[in-house]
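After this come two complexes, each holding chain A, first together with chain B and then together with chain C.
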Partner chain A sequence: MKDNFKSNAKKSISGWLLILPSILCVYFMIVRPQVLGIAYSFAKMKGFRIIGFAGLDNYVRVVKDSLFPKLLFNTFSYTFWSIIIGYFVPILLAIVLNEMVHFRNGFRIMTYFPAALPGVAVMMLWYFLYYPDASGLFNMILTKLGFKSYIWLQDPKWVIPWIVLPMTWHGSGATALYYFAALQSVNRELYEAAMMDGAGFIRRIRVVAFPHIASISLLFLVKQIIGVFSILEQPLQMTDGGPNNASMSLGLQTYKYAFVQNKPQLAMALSVIMFLILCIATIFYFKMEKKLSDNM
Partner chain B sequence: MNYKMDKGVLTSIDMKQPKYKVLYWLMFSILLAGGILICILPVVWIFLTGFKDANEIYDLSSGFFPKRIDLGKIATVWNAMKFYKYYVNTFVMAGGDILFTIIVGGVAGYVLSKVKPLGHRIIFTTLFTLTLMPGTCRTVPLYMMFSDFPYIHISMLETYWPMWIMAASDIFNIILFKNFFDGISTSLVEAAKIDGASDLKIFFQVMIPLALPIFWVVGLFTFNGAMGTFFWPYLLITSPEKRVLGVQIYNLKTSTFSIDYQLLGLLFAMLPQVIIFGLFQKRIMGGVNIGAVKG
Partner chain C sequence: MKKMGNLSKFVARVLVLALAAGCFTGCGKQDDGNVELSVGNWPNAEAEPKRYEIYENRKAEFEANNPGIVIKPDEWKYDVQTFLAKAEGKTLPDLYYTHFTEIKKIIDGGYSANIKDALVKFGYYDKIDEKMLKLIENKKGVFLLPTSCYTLGLALNLDLLEKAGYVEEDGTPKAPKTLDELVEVAKAVTEKTGKVGFIFPTTNNQGGWYFTMLGWNYGVEFAKNVDGKWQANFDNDDCVAALQYIKDLKWKYNVLPETTLVDQNECNKQIASGLAAMGFAPAGQLGQMLVNYKMNLDSVGYSYIPAGPKNHYTLLGGACIAFSNTATEKEIEAGLKWLRDAEGVNPDLDDNYKKTAEESVNHSIESGNIVGVIDTAIWNDKSDVFKYRSELHKEKCNVNYNHIRLFNENKLDIHPEVEICAQELYGLLDACIQEVLTNENADCKALIKKAAEDYQRNFLDYEN
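And now, the complex of A and B:
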C-alpha cells in the first residue's frame, strides 16, 4: 500500500515536471494575454503604458469611430465572399477527384500544390498577377483578348473578392483532401443499392455522397466563418486596407490602432468586441458538432 | 482500361454506357486543364516573367515566354537580394520551432497519454477548452510581454524566442501527439519502466521511434508554417539582419528592385516548400487528414 502510494507520487512528480514547460508556455502565450487583453481594454493608456482606469471609454470611442460601420460591413463582406467563392470549390474538387481513375495521384498532387506554398508568397504572387498595368498576368490576358486593362486591387467595389480569391486558391486543395477522405469512406454497397434502383450519377451523388459529407461540410462552413471573420494578414499584405479603407477589416483595424496609431487600448476594446462575436459563433459550432456527432 | 478497383461514384458498369464515358472524360479534361491553368500556371508565369527584363515586361507586344532564359540571372538576383541571409535566418527560426514543438509539445503529449500524473484529465480538459477560445484579443498583451517579459524583465524583440515559445504552446500539436500516442501499446513503455528508465529517456528512446510518423507530420507542418510566418516576425523583428523570408517577400513590394527581380525573388521564397513538398508529398498529404483537428 505504502509502496504503491510512493510509486504513484513519484510518477506524478516526474509527470508534472515534464509537462511543466508546456504549461508555462501555454500560460504565458495564451492564458495571461487573454486575461490581460480583456482587462486592458478598460484601461487608460499612454502608448503601451497603463496610466489609469477608463471604464467603457475605449469601447465608446471604438464604436463611435466613423469607420466602425464600414469595418463591420467589410468584415461581413469578406465572410460573404469567402463563402461564395471558397466554400463550394473544395467540395466540387473532391467529388471530381474522387471519380478519377486515370492520373488519380497526379491530380491530387496538382490540386494540392498551391496549399504547399507559403501564405505570404501566395498573396504576393497574386499581387503581381493583379498588377494594375499591362505587366500583370490578368491584364496581359485581358489586353491580348482585346479588352481594356483593369485596376483590380485598386477598385474599391471589388477589392474584397479579389483578396478572397487567392485565399481560396491557397486553401482549397487542403480542404478538398478532407472531403476526399470522407467520400472515400462511403460504404460502396450504398452506391450499388442506389444503382439497383436505377439512380444515375447525379442522383447517386445527391442521395449517397452528399448526406455522407453533410456533417463535415457544415462544420467547415462555421469554421470558415470564424476564421475569415478575424481576417488581418491578407488585406495587410495585399492592400494595407486600401483603396480608401475599402478593404479594411475589423482585424486589420485592431492592428492599425495598436501599431500604427499607437492606441493599443482601442485595439484591445475592438478585439474584445470581436472576441465576443466569435465566442457566440464558437458555442454555436460546438452545439452543432455535438448534434451532428450524436446523430451519426 | 481496368475499372476493377472502383473508387468513385461512377463504376465500371457505368463506364460501358457512352454517356458516362463522355461525362468521365469531360470531368477529366476540365480537371486537367483547370489544374494546369489555375494551380500551376501562375507560378510558371512568375518564373518566366522573372527572366524578362523590365522593358520587355512593360512591352505590350511581348508574349508569354521571355526572349531568352539566362540562368545566370538567378544567381544575380540571389546575390543582389542577399537571399542567403534570409534563408539562414528562416531556417534558424524554423529549426527552433520544430525543436520546441517536438520536445515541449511532444513530451506534454507523452505525459498526458502514458505517464498520466495526478490531475492529467483536468490539464487535458483545460488545454482543450483553451483551443476553442478565439485569439483576437491576445495580440497587444503578447507584444507588451515580448518587449518586457514579466519576472525576468528581458526584451525578446529582435529575437526568434517569441516564435519558438509560441510553437511550444501550440495546443493542437499537444493534442495531436497525445491522440497518436494513445494508439501505441503501453507494454513497451511499461517494460522500459521496469528496467528503470526515466520518463524522459522512455520518450526519446521508446516513444519517438515508435511514433515516428506523427513526428514527421508535425515536423513538416511546423516547417511549412514557419516558412510562411509573417505577422509576428513582421511585428517583432525590425532589423534587416534578422529578417526572415516571409517578411522580406512582403518588403519586396516597396523595395527599389525592378519588377523582374521581385518576381524571381518571390520564387526563392517558394522554393524550400516546393522542394519539401516534392520530397515528402505522401507524408504531407497523408498528414492533412491526421491533422484534421487542426483544420
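And now, the complex of A and C:
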C-alpha cells in the first residue's frame, strides 16, 4: 500500500510541479487577497496592520454612514442607466455590422476603435467634450444651434447618465464583436428563407437574428450589471463623485476609504457588502450560463 | 519516447526550481560596513534631464566625499494610491518625500523612523521652527523633517488685472486686502475683460482644505476638544456666512467660472491661460502655471490671502522627508548627511548649503520657473540659512519684484490645520461647496448643519 502510494506520488510529481506556478499565481493573485480582504473587514486596523478583532463594527460603521443610502441608490442608478443607454447599443452595432455589404471591415474597425483607447484617455476626452463653458464641444454645438449652454457633468440630476454615455462609447465596440460573432454563426439560408416568405428587415432581425443572440445577450446583461455595479474609475476621473456626491458610487467610496481616509478595513467591509449584492447577480449569471451550455 | 519524457520532467523541475528561486530571492541588506541608502523622488533621466544630471553629479560627489555610503536612486514619488502598499510591503525608499497633509497618516501608521536622536546629534533639533516641530513631533520622538514649506497666497494674472485697472505703474498689483475687496476686484475683471474674476477649487478635498482657511478668517474653529472628546464646532453663523460668501461669488456677483468641478490643476490652467484673474494657490503652483501651462513670467503676480471679517490667517503646506521605518541608525545618519550635503536641508550656513541653494535657484531660472517668492522658514531665527536664501531669491529674482512684493512683505499668521479627521472634513466641505455652486437655491445653513452632523456622526464619534 505504502509502496503503491510512493510509486503514484513519484509518477505524478512532475504533473504537480508543472501546475505549481499556476497554483501559486491563483493563490497569491486571487485567493489570498480575497480571503485577506474578508478578514480585514472584521479587523481593527492601523494602516494596513491588524491590531485587533472588530467583529461587525466595520460593517455597522459603513452601513450607518449617512452617505451609504445615497451611494447604494447611485450605484443602482449607474446600473440602471448603463442598461438603458448601453445595453442595446452593441446589439444594434452587431446587427448593422452583420447586415452591411460594403465597408464592413472599415466599420468594424471604427466600431472597435474606442475600445482600443485607454479608459483614462476616454474619460478625459469626454470630460472636455462636456466642459460646461463655451469651450466644451457639446456646448459649442448647442450654442450654434441657438440653444443655451448646459452644465453637463455639474447637473446633479443627470450626471450619472452623462458618465454612462462615454462608458458605452468605450465598451460597446468590444461587446458588439461578440454579438457579431454570434450573428455570423446564423445559417444564411434562414435569412434567405425568411426573405422568400416576404419578411422585411425588421422581421428578419426579430425572427432569425434575435433568437440566436438571446442567450448571449442574457449573459451580457448579467455581466454588465456585475461590471457597472463596481464602477469606480469613471466618476473618479470625471467628477470625483460630485457635485455634492451626486455621482459617488460604492466602488468610489471604497477607494476613498482606503486611500483618502486611510481606513482599509472600511473599504474591505464595503467591498464585502458589494460582493454579497453581486453574489446574487453572479448566481443568476451561472444559472444562465448553465442554461446556455445545456442548449448548445 | 522515454528520453523525451525524462527531458520534460527535467525541464519542469528546472522551471519550478527557477520559479522558487525567483520567489524566495530576498533583497536583504548586506552588513559589510557600507551603508546603502535608497533615496526617493529621484528625477527621471528622460522627463527631467537637467535635474537628473544635477542629481547624478551630486551623487558622485557625495559618494566620493563619504566613502562607505552608496546612494541608490529610486524614482518613486509619494502617491496615496501606492504608499500604503509599499509601506506595508517594506519597499519604501529609505529616504522618501511626502507632503505636510500626509504627516499625521505617516506618524499614526508608524511608517517613518524616529529620527530625534540623529537630529539632536546633527544639531538640527533645536533649530527647527516651533510650528514645524508641532507637526512632526509627538511624545515618542520626531518622525519627519520638513524640507520646504509654503503658505497659501493669492495667484494673480496681471494681464487681466491690468486691463481691469488693478495694477500700479510700477507693476505692483492692487491686490485685494480683504475678502470684500476680492469681490470688487473680481467683479471689475469680469466686467472689463469678460473673463473669470476668481477661481476656487472644489474637488479632491482641495476645496474643503481652502474653505477651512476661509472659515478661520470668518471666526470658525471646525473642531474642539472638550474633556478629551472631539466635537464638530462649525454649525454656526460664521461658517454659514463663509459658505454664503462662496455662493454669492457664483450667483450674486457671477465672478466664478461656469465649470464648478475644478481642482487646483484646473485653477492653475485657467489662471495661466488668461481665463481667470485670481485664485488661492501655494507658491509652488506658480511653477506649474509657468512650466506646465507656459504662462508668461511677466504676467504672474502673487499676493497674500485677503483678510476675512474676523481674522487674517493663511494655510501652511510643504514637503518633508521621512525615513522608512526599517531604516537603521546608520542609514538615518547617512540620509541626514545626504540631505545636508546634496539637498541643502541644513540649518547651518556653510559652503555646501550655498552651493546647493544656488544650484537649485539656477535650475529654476533655466526651467522657466519663478524665483523671488520668499516663503516661510523651516528653521528658527537661530539659523542664517533663511536669511541667506531670502537674499539669494531677491538677488536672482527673475520677475519684476513688485509683482510679488505684497506676498513677500506681508507675512500672515498661520493657523494650524484641523487636528482630527482633516481629510474627511475636507471631503464634507467639498460637497457643500459643490452644492452651493450648482444649486442657486441651496440652503447654506442646512448644508453646514448636515456637514457638521455628518462630521460628528461618521468620523469624530469613532475617534472619541
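Keep in mind that, in the parts below, the second predicted complex is superposed on the first by the 273 of 296 C-alpha atoms of A that agree within 3 Å, B and C clash if a C-alpha of one lies under 4 Å from a C-alpha of the other, contacts with A are read in each partner's own complex, and residues count from 1 in each chain.
Criterion: a contact is a pair of C-beta atoms (placed from the backbone, for glycine too) under 8 Å apart; a residue touches a chain by one contact, two chains touch by 3 or more.
Since we're looking at a predicted model, the values are computed, not measured.
Colleague: Looking at the superposed three-chain arrangement on chain A, would you call chain B and chain C a clash or a fit?
Modeller: Aligned on chain A, chain C clashes with chain B.
Colleague: If you stack the two complexes on chain A, which partner ends up touching A:P132: first (chain B), second (chain C), both, or neither?
Modeller: second
Colleague: State whether A:Q154 touches chain B only (first), chain C only (second), both chains, or neither.
Modeller: second
Colleague: Looking at chain A, does chain C or chain B touch more of its residues?
Modeller: The larger set of chain A residues in touch belongs to B.
Colleague: Look at A:L232 in the shared chain and tell me whether it touches chain B only, chain C only, both, or neither; answer first, second, both or neither.
Modeller: first
Colleague: Check the residue A:N187 against both partner chains and state whether it touches chain B (first), chain C (second), both, or neither.
Modeller: In the superposed model, A:N187 contacts neither chain B nor chain C.
Colleague: Give one of first, second, both or neither to describe whether A:K256 is in contact with chain B, with chain C, with both, or with none.
Modeller: Once the two structures are laid over each other on A, A:K256 reaches chain C alone.
Colleague: Where does A:F48 make contact in the superposed view: on chain B (first), on chain C (second), on both, or on neither?
Modeller: Both chain B and chain C are touched by A:F48.
Colleague: Using the touch definition from the top, say if A:S14 reaches chain B (first), chain C (second), both or neither.
Modeller: Both: A:S14 reaches chain B and chain C.
Colleague: In the superposed arrangement, does A:S66 touch chain B (first), chain C (second), both or neither?
Modeller: second
Colleague: State which residues of chain A lie in both footprints, the one left by chain B and the one left by chain C.
Modeller: The overlap between the chain B and chain C interfaces on chain A comprises residues 14, 18, 21, 48, 131, 133, 258-259, 264.
Colleague: Spell out the part of chain A that touches chain B in their complex, as residue ranges.
Modeller: 8, 11-16, 18-19, 21-23, 25-26, 28-34, 36-38, 40-41, 48, 95-104, 107-114, 116-121, 124-129, 131, 133-135, 137, 140, 143, 169, 173-174, 177-178, 181, 184, 188, 191-192, 195, 201, 204-205, 208-209, 220, 223, 226, 230, 232-233, 237, 251, 254-255, 258-259, 264, 267-268, 271-272, 274-275, 278-279, 282, 286
Colleague: Residues of chain C touching chain A in their complex?
Modeller: 8-9, 12-13, 15-16, 19, 23, 80-81, 84-85, 87-88, 105, 108-111, 202-205, 257-261, 263, 423-424, 427, 430-432, 434-435, 437-439, 450, 453-454, 457-458, 462
Colleague: If we count contacts the way the header does, which residues on chain A are in touch with chain C in the complex?
Modeller: 14, 17-18, 20-21, 24, 46-49, 61, 64-67, 131-133, 149, 151, 153-156, 239-240, 242-245, 256, 258-262, 264
Colleague: Residues of chain B touching chain A in their complex?
Modeller: 1, 3, 6-11, 13-14, 20, 23-24, 27-28, 30-32, 35-36, 38-40, 42-43, 45-46, 49, 57-58, 60, 64, 104-105, 107-108, 110-112, 115-120, 123, 127, 130, 132-145, 147, 150, 165-166, 168-169, 171, 174, 198-200, 203, 224, 227-228, 230-231, 235, 245-247, 249-250, 252-253, 259, 262-263, 266, 269-270, 273-274, 276-277, 281, 284-285, 288-289, 292, 295
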